[in-house]
Amino acid sequence: MTPWFLLFGGLVVVGALGAMALRNPVHCGLSLVVTFVGLAGTYLDLGADFLGLAQILVYVGAVAILLVFVMLLTRTGRGESPEVRPGGWWWGGLVAALVAVGLVGALASVSGWKPRSEPMTFPTVRDLGVALMTDFVLPLQLVGVVLTAAMIGAAILALPERRGGRVGRTPKGEEPEQ
Amino acid sequence: MAANVDQIFVHLMQMMVDRVPDAVAPWVRAAVGVGAVLGLFGLLFGLTTVCERKGIARMQNRLGPNRVGPFGFLQFAADGIKSLTKEDVVPRSADRVVHYLAPLALLTPVVLTFLVLPFGRNMVLMHVDTGLLFFFAAGASTELAVFMAGWSSRNKYSLLGAMRAIAQMISYELPFILSTVGVVMIAGTLSTVGIVESQAARPGEWLARWNLFTPWGLAAFLLFLIAAFAEANRSPFDLPEGESEIVAGYFIEYSGFKFALFFMAEYLGMFASSGMAVTLFLGGWTAPVAALDWIPSWLWFFGKLLALIALFIWVRGTTPRLRMDQLMDFAWKFMLPLALLILPVVAVWHYLGGGWRGWLFCTPVLAAAYVLLGRALVGRRRIQRRVYRYAGEGVAS
Amino acid sequence: MNPAQPYLFLAAALFIIGMAGALARRNAILALVGIELMLNAANLSFVAFWRHGPHPDPQTGLMFALFSIAIAGAEAAVGLALIIALFRHRRSVSLEAAESLKG
Amino acid sequence: MHAIATHIWLIPLLPLLAAGVVALLPKRASTAAIGLATGSMGLALVLSLAAFLATLGGHADGAAHATHIGNFDWFRLGTGSVRLGFLLDPLGAVMLVMVSFVGLLIFIFSIGYMAHDPNRTRFFCFLALFASAMLGVVVANSLLLLFACWEVMGVASYLLIGFWYHKPSAAVAAKKAFLVTRIGDIGLFLGMLWMYHATGTLLFFDDGRGCLEADALTQLGGTAVRGGLTAATGIALLLLVGAIGKSGQVPLHVWLPDAMEGPTPVSALIHAATMVAAGVFLVARVFPLMTGGVDTPVGEGTSVALQAVAGVGALTAVFAACLAVAQQDIKRILAYSTVSQLGYMFLGLGTGGVAVGMFHLITHAFFKALLFLGAGSVIHGCHEQQDIRWMGGLRRLMPVTYATYAVGMMALAGVPLFFSGFWSKDEILHAAWSWAPSRWPFVLGVVGAFLTAFYMTRQMAEVFFGQYRGGVRPHVGHGIPEATHGGTAGGVHESPGVMTVPLVLLAGSTLVLGWLGTPAWPWFEAYLNGHSAHLDFGRLAAAWPMMLVSVVVVALGIGTGWWVYGRRSRVGATAPDPLESQFPRIFRGLQARLYVDELYDATVVRLHHVVSMVCGWMDELVLGGLVTLVGLGSRLAAFSARSLDELLVNLGFDAGCASTRWGGRGFSWLQNGSAQRYLGGLGLGLATLAILVLWGWRHG
């Protein structure tokens, strides 16, 4: 347990708690960013440089921005009242506690962990690229397909709908009726 | 001798680190490095503001600052003192915590981007395998700070400005990143140092191998530069801050030192982008021709950097602001396809091994794409000389 | 205690926090945030196992996490698009607004 | 020799590239599209001829099988890899030449036929795509590649049938063709999976490791599955289902006549010459598998799969011929005749082996393309009129079309000596006669031959003889102004040269091709088997009784046809058919295609409706109803309890009642549409699982 782990782990936990418990959704989103940064730090600490930076690039640079942007678009910035379902924490907490019992129990009962026999070799970015283009080329292509489908799907979902079910851009000066 | 001058800063740093205990050596190295960068670029920031004001004034037939110090060059010091001493006004309805954190959240990643810029031979603060990725990861984080500033002010202009800025930054981030991929493909590394070294002249060659000297490199450089203008929210992409439309964009409600921080972060971001452009396309600290190798590497880097900054100022002084839809169209319908096209072109270039065959293939392809995309963007509208019509002229015709 | 265990406990904590939030919040965006947290917890454990696991495989764990990040990006985009579509119909992003789809 | 064998993949690639480029062209660039598509097809023909010559050279120097294969890794998955390959052998080479030659002629014909269609560009794109897929099927050395091309072909056929998609009937026909052939494709797909499972490869030939080579066949033939069948038989039957679907055999023949809604060149290309032949080709390609995995002598035909092939073929031959007798649409008659002739091919494959079936395939492709293009020319001349009752007397108005059509008709009917259809059909009948398991296919074949001669005579008489009866009814053509035709002949005109030249070329080949497979000089069979042929009139002598039989049958058919239709030509378009007045019920039944479509509507489609209704109902029941039912049940229990309560004890049960009701509500609470509840359920499940595993781990 390095000091870095304590620092970043603390960021992760505090950020996650904030993301889930703060009243204002925008604060939650910003708190989520803290979690992401903490996670990226943890990855760097673990020696996964590329992954850590990718985490920042994807989550902080894209996902979090997208989240807050959607919050602005849907005008939830002020927060709805009440922000939590009636009995929500009770219910969520119960389920989460049960899961926690399971997970922590499983983790705590681990025994007979064999330490790594040979020293760790950290793959360079070039190694990762070569692996992506050889052993993992099929998953890579699949991810490409999934991302393309998601992009098109998201664009279509978010396009304004017109009467008669046709999806498309509304002509200028003609706002969709709500 | 030349080698000593070239490495003078490296030696200085080494001397300093040698004098402290080993345990704190890395910390000292980091602190001195960051301090030097902050000091140097802080100073550059100040001088740039003055130069910009004076330069633009000259373009607009004005005088510009000319009172403080010799030829007004100490104006930035006066401005700095003023902003430090001004009252820090926070709107009552603002979200205080976020409002306070926003300038810091903007400045921190911008400063981080300087860590991976190689200022000269052996002069990079953080020599990592993933330098370019680090640069973009840090750069991507700035959007969040913009959002924080705009949202927390509880001002509709600042919110509008933030949304404009985010939309613009996300749109231009794609060509910004994609235009560099070609360089990575040729250099075979994400390390900024490796990229610079791959552009140096090989022994026996008289011309350096700058990426700018290839057809795709030129195209990618222009794309990168345009995207950098947009990322820096500078004219002609200064919609997020358009004074005449939304007062000052996302930092309307900032005053005093926080405002100065925003201002500084913007300029530092511009320097970082320029530095990255130098690193990626202009050969970093390498000399353009082998005969000029005796000039210290850091001089080359800063010379190129200053040239690019001058270009930034020049563009700001001479271009009108785009409209929002033009801005988006330009990013998605012109820059993104062109940036994507550059990738296969680079692959073919690599496959052909450059040379005249590479030129023969790449130049027409890129030129054709440029012409076709441009025509598609402009559409049926014919570009013609602007006709001015004045009130009182005939309404008919 | 083996070296991976702190990271795994951290991942478990992240997962549980995310799950509790996803179950409790009314706001659909925040439920999505909770799910993102759970995904990130899974990623963290991938990386922890990659680094400290007994099986000396240089890349697979990283690759798994990398692909997971990519898929999570797609998931966030589609989820948020859905929320926008929901908002357009109901003028609200409360999950209760989407409860009319019941058997 | 080797140059073409190793570059055989160019042949399908060229039309594919043309299709790709044409797809990107704007609509107005139709000239470029036509040039590209036709040019690529011409190049493909040249390459095919080169390939053909290469295989000819192959057995001149004494090689047993002039087969060239080129396999490559498509992609690697884990440790295994999926391999594809290309193949050039006599069977494929002759198909290549046929497909590209007929295809090229049809492309040229289309230039004239589609000259007025505004969507020519799209049309040629589809045509080229189709041709590419068909050529791909021919050169594929892997069942997987064959299947892929097969499916592309299906898509292209769908697009072409529905080319005039603004006509509802065309759109429906396209959908029907697609769905019905899909049923067959499921069989093919399952067969393919089984094959991969059993042999671990999908390559046909792979230096002894392919699935059509001795090792795999012995293994497949030796693997018994239930019912006394071997794996080879099972796979062969499944592949046969695919072939049946594509080749329009009974019971999946219903799509083919409807497919005539497409433009006539499409009918000629797809539904006469090439695509429907793909089923036959598939059976021929996997013939070693069809024989049951063991080398039975050709003609014995003892394997179950071959018996099925022969049975299906014989049945289809007669069935479709019957239907053809009563059709009024010139293209539909040809369509049913195609189905019937395909049945002959299957019969030939099943009883006589590859050479017999393939010979008929090749000759049929030429004369049926000829007939279809002739029909197209007639239709084009008659202003998109397709009903033979509204034609007549075209002999004088369209002399070239008439002459070439007559050649095609006589070839199809099997008029002796000079027409290719005679020789190929005769071989099939001969093989059927000497087939050991049963005499029925032969009898059915003879009946079919009679019917074929009969309905073709009918068609000739109706279309080309008598008086022109059209020009009265308003036409439902596309884009032909009403004013262009007037006068007694209704403006009927001979088609332009670009359409008649292919007709003449096809007629010429029809006359020549027959000589390649006479019993006296069985060059074709020898070529496929890699021998060289010898001229021997003795074999002709041995075959003459059969030839006599078929001559008599054909003469009888043509005679009857002429007696019924030719003696007195039809007076007016609305007059009833002579057969109709004689046997009204049978004729109407035949006209309505023996109600097969209605049967399918009443059974398969209805069943499908019922099944989907049941599914929908089950869905409601399980997802919604069940919960409500539980609630209702508990309420019912509660209600009865309360009644009892009120009636008998009037106290004490209230609490029980309430709790039961609460239970019912509890069940329906599970299904409340709240995503978070569902997520919570997931979480609870996960927790339970984790705890159970943990428990088992501790105590297990």
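Order of writing sets the labels: A, B, C and D. Residues in every chain begin at 1.
Please note the rule applied: a residue touches a chain if its C-beta (ideal position, glycine included) is under 8 Å from a C-beta of that chain, and two chains touch if they have at least 3 such contacts.
It should be emphasised that the depicted structure is a prediction, and the values quoted were computed from it without experimental measurement.
Chemist: Would you mind checking which chain's C-alpha centre is most distant from the centre of subunit D?
Modeler: Comparing chain centres, B lies farthest from subunit D.
Chemist: Round to the nearest whole Å and give the separation of the Cα centres of subunit B and subunit D.
Modeler: 63
Chemist: If you average the CA atoms of subunit A and of subunit B, how far apart do the two points sit, in angstrom?
Modeler: Chain centroid spacing, subunit A to subunit B, equals 29 Å.
Chemist: For subunit A versus subunit D, what separation do you get between their C-alpha means, in angstrom?
Modeler: Their C-alpha centroids are separated by 51 Å.
Chemist: Starting from the mean Cα coordinates of subunit B and subunit C, work out the distance between those two points in Å.
Modeler: Here the centre of subunit C sits 34 Å away from the centre of subunit B.
Chemist: Indicate the residues of subunit D shared as contacts by at least two other chains.
Modeler: 676, 680, 683
Chemist: If you look at subunit A, which of its residues touch at least two other chains?
Modeler: Within subunit A, residues 50, 54, 62, 85, 88, 91-92, 95-96, 99, 103 contact more than one other chain.
Chemist: Which of the chains touch, listed as pairs?
Modeler: A-B, A-C, A-D, C-D
Chemist: Which residues of subunit D touch subunit A once you look at their complex with the stated criterion?
Modeler: Within the complex, subunit D contacts subunit A at residues 75, 77, 676, 680, 683-684, 686-691, 693-694, 697-698.
Chemist: Quick check: in the complex, which residue numbers of subunit A touch subunit C?
Modeler: 1, 5, 9, 12-13, 16-17, 19-21, 25, 28-29, 32, 35-36, 39, 42-43, 46-48, 50-51, 54-55, 58-59, 62-63, 66-67, 70-71, 73-74, 76, 80, 82-85, 88-89, 91-93, 95-97, 99-100, 103-104, 107, 110, 113-118, 120-121, 123, 127-128, 131-132, 135-136, 139, 143, 146-147, 149-151, 153-155, 157-158, 160-161, 178
Chemist: Show me the residue ranges of subunit D that touch subunit C in the complex, using the header's touch definition.
Modeler: It is residues 623-624, 627, 671-676, 679-680, 683 of subunit D that touch subunit C.
Chemist: Which positions of subunit C touch subunit D when the two form their complex?
Modeler: Against subunit D, subunit C makes touches at 19, 22-24, 31, 95-96, 98-103.
Chemist: Once bound in the complex, which stretches of subunit B touch subunit A?
Modeler: My answer: residues 95, 98, 128-130, 133-134, 136-138, 140-141, 143-144, 147-148, 151, 159, 163, 166, 170, 173, 188-190.
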